Amino acid sequence: MSAIAAKPGANAGAFQPVPSVIAIVLAIILVVVAYFLGSAGILAGGAMPVLQTLCLIILGAALIAFGVHFVPVGGAPAAMGQAPGIATGVAMLATGAGLAGLFGGAWAAELGLGVALASGAIGGALMMAITCLMVNISYVFGMGIPAASGKVLKDPITGDLQAAYKSQGTEGHGLPFISYVGGVIGGLFGGLGGTLIYIELLNFYNVGLPALGFVGAEGINMLAVGLAGIFAIGMFLVIAVLSAYNITGTIEGPHDPKFKRFPRAIVAAILASAVCGLVAMLVVALF
Amino acid sequence: MSVKIEASHDGIPHNKVMVIGAVISLVSLYIAIIGTTLGVDYLAFFGGIAAIGALIWGNSTIKKLCSYGIGTGVPSAGMLAFGSGVIALLFASTLSGISIWIVPVAALILGLVVGLFLGWISNSVLNMKIPVMTRSLAELAAVGSLALMGLGAVATGFVGFMDIATFDLLGVTVYNASYLGAGIIAVSFMLGAIALQHPFNACLGPGEKQDRTNMLAIECGFLSMIVMAVISFAFVSLIAAWISLVVAVIGWAVSYVKYVALSKRDAASWLDAKPFSDSEE
Amino acid sequence: MQEIIIGIGVTALAGALAAIAGAAEDTESNIGSQGDPNSQVQLAPQMGYTHRIYNKAVSGEPPAYTLWVTLACGVAWAFLMLGVNAILAIVFGTVLATFVQGVYATTAYLGRTASLSKFGQPVFIDVIKSVTTVTMAHAFVAIITTVTVCYLMMTVIGHPFALPLLGIVWGLALGAAGSATGNPYYGKERQYQNQKFGAGVPISASGNIVRYAEAGQRSSIDNGFFTAKFGGPASGLCFGLIVFFELWRTILFEDYLAGWGAVIAGAVIIIIFMIIDRYVEVWGRKNYGPYTVEASA
């Protein structure tokens, strides 16, 4: 009921230059702080690895924020066939895909960074590919409703006309091909970003925990996995919810006008992940 | 218990609820810490009381925040609170290296700081323009951090990082069977996140009453404590785990019965095996 | 070689268990009325339509199932640590999770319904008694299968994550898959059975949900009978395919090209699903055709 009313306000989509610049400056200050903590020996591993870890965590968060904007989510109206998209919450659907990717990425972590990241990205995309397919099967074969977008006249990929396939009194329904592709790309970025955060934190803790006085071979790895896993999940949720706030709950995919708001979400993710990432790294700080 | 006194009044201002919740939470955490410094673990159940205090506070904050219509559901606020809270909590727990006594206050302050950043981001960068946003997200992160610490204390009896990262198995220190290494913190995370958003989400509607919602917050807290008490059998001594479990079950039963009674008070009618009638149309 | 054979066996078992979990999850959430379609159950009394449908507003399905599965995993782990047999430990964990689920369900129904007192919506005690137990039974099936999948992943396949972390990952995926696939079928097809078939529900009809059954007043359990025929199996297929292919591509192809084999296999599977989706979309457009404006309207 609230999702129907959640139309974008007059200037809700506007980019905010001043706060964005402040946010970027704050994020840079935090990165510099991390650099000095690393060179002062408070964070284990030295200045450059610490810098690299935090920068890649920020990159991962930016990828997640960008990816969330691709995921076609219609919320409550979609469950009634009143609006196109997947009938669930955007933050949790994006997180579901991202964590499915994280599962694959964490599994492949020992095969090197490249394979792990690719595996994470594919894992997220695979989850979305199957989910989006089943959504369309459910609409077409279960309910006899063809897919139609309410925001564009033509599907930008296939060129199919949309308006005639929209039933009366609705904003469209199902997942047109552009939304499907958007969902897969969203899962790809989500899985990639989540895995990047996880792997960076895992490597950092594997260095940091022994320096803190934890000894005992493979048990430490388990502890590092536990810490990096819960932090990656926590940060994923924070970024996904902030991005969901940015698109006010529903979006059709990359062709939706709301998609143009993504720079704001990326700026938000950069600062949020700089704060959360630095605090997460300080867990193994030497005082 | 002191927790139940405030629920009998209606219309308590948010600031008062916040102070009451924070004080209950911090005092209970300190009682749990006194137990660990004395070397006994049967005070661990005070962690559950701390979580309940934090949940009452967070519930009031969520009510304030979500009355503005944030564009996505109430549950997302709980997820955001605990996503940022878990980061603040674990950093705070490492400060036990300096002194165990600063850990609860550090969790509160760090949660507020991390949440302040997130709130400012939402309001300014994302242009949400909700007056209470910055303050609410700061409070929610602090609530998440305190509630997680409380639930962790129920499970393990400890709040310090070294103690929750290691586990003493027959005299050998192992990591993979610890609160963090075995991922039990994930259980606290989800228990807290759902318990935080549930009371307001469940009582949402024009007839929402503060005392009923608060009673549900207490009920959710005790319910989460039951689960952590069961898990605590793997960490703490048998007697401590039984104390936590019995306290949690009694607290849950009492609050559940009271919540049902309050629902009966507020409901339009209370029917058993009777049809609805369309006469009022 | 033997490792791969065991891996394939576990993959098949995990996929099958996941399919059961998905079907039970969707049926459970439709009987209890959870997630996005529940907004209409909430809205109906405000439009003057009192009803006997359950109102399980715990949260969306993904967070709720994340909690049930994660806590079942955590409790199962604790019992494993205490030396309890694995199957028994999983059952204990699931029983506690089901209990928590039932408590949350009743508090949500009582809370939401009592807050609707202004519109004359009564609280039905018999609805609580009959529907809660049915949702708990379905939730038990959904949780125990998912926890077993997580346990197999941790022990046999050797995933680095601890049991509760796997619980978060797959509980969330279960809720996401079940709600994405099953919600429209419950929301559009069942709640608005009185609306035209083959078209979305007009926004003007919001709140006018079907409240009468073949005989008497519709109960939420009737919704389970209906959605179990399509929405449930479709959700089960969705979650089953996700779990199966995530494991299958890694177990069979991880040894090729230094790990890139699994990535390539995954990419190929995605492209195949994309082609199937395009086929389904075109099939729908071709066979149903554009909507024509009715003369009487």
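Labels for the chains are A, B and C, by order of writing; each one numbers its residues from 1.
Rule of thumb we're sticking to: a contact is a pair of C-beta atoms (placed from the backbone, for glycine too) under 8 Å apart; a residue touches a chain by one contact, two chains touch by 3 or more.
Just so it is clear, the model here is predicted, and its values are computed rather than measured.
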item: Farthest chain relative to chain A (centres taken as mean CA coordinates); value: B
item: Best-connected chain pair, where connection means C-beta pairs in contact; value: A-C
item: Where chain A and chain B are represented by their mean Cα positions, the distance between them in whole Å; value: 26
item: Between chain A and chain C, centroid-to-centroid distance (C-alpha), Å; value: 22
item: Overlap residues in chain C, where contacts from two or more other chains coincide; value: 42, 60, 63, 161-162, 165, 168
item: Chain A, residues touching no fewer than two other chains; value: 2, 89, 92, 222, 225-226, 229-230, 233
item: Residues within chain B bordering two or more other chains; value: 73, 75, 79, 176, 181-183, 185-186, 189
item: Touching residues on chain B, where the partner in the complex is chain C; value: 73-75, 78-79, 176-177, 181-187, 189-191, 193-194, 197-199, 201-208, 212-213, 216, 219-220, 223, 226-227, 230-234, 256, 259-260, 262-264, 266-278, 280-281
item: Touching residues on chain A, where the partner in the complex is chain C; value: 1-4, 75-82, 86-89, 92-93, 95-97, 99-100, 102-104, 106-109, 111-112, 115, 118-119, 122-123, 125-127, 129-147, 158, 160, 164-177, 180-181, 184, 221-222, 225-226, 229-230, 233
item: Touch list for chain C against partner chain B, complex; value: 42, 48, 50-52, 57-60, 63-64, 66-67, 70-71, 73-75, 77-79, 81-82, 96, 100, 103-104, 107-108, 110-126, 161-165, 167-168, 211, 216-217
item: Interface residues, chain A side, partner chain B - complex; value: 2, 5-6, 11-12, 14, 16, 19-20, 22-23, 26, 89-92, 214, 216, 219-220, 222-223, 225-227, 229-231, 233-238, 241-242, 244-249, 264-265, 267-268, 271-272, 275-276, 279-280, 282-285, 287
item: Footprint of chain A on chain B - complex, ascending; value: 69-73, 75-77, 79-80, 82-84, 86-88, 90-91, 94-95, 97-98, 110, 114, 117-118, 121-122, 124-128, 161, 165-166, 173-176, 178, 180-183, 185-186, 189
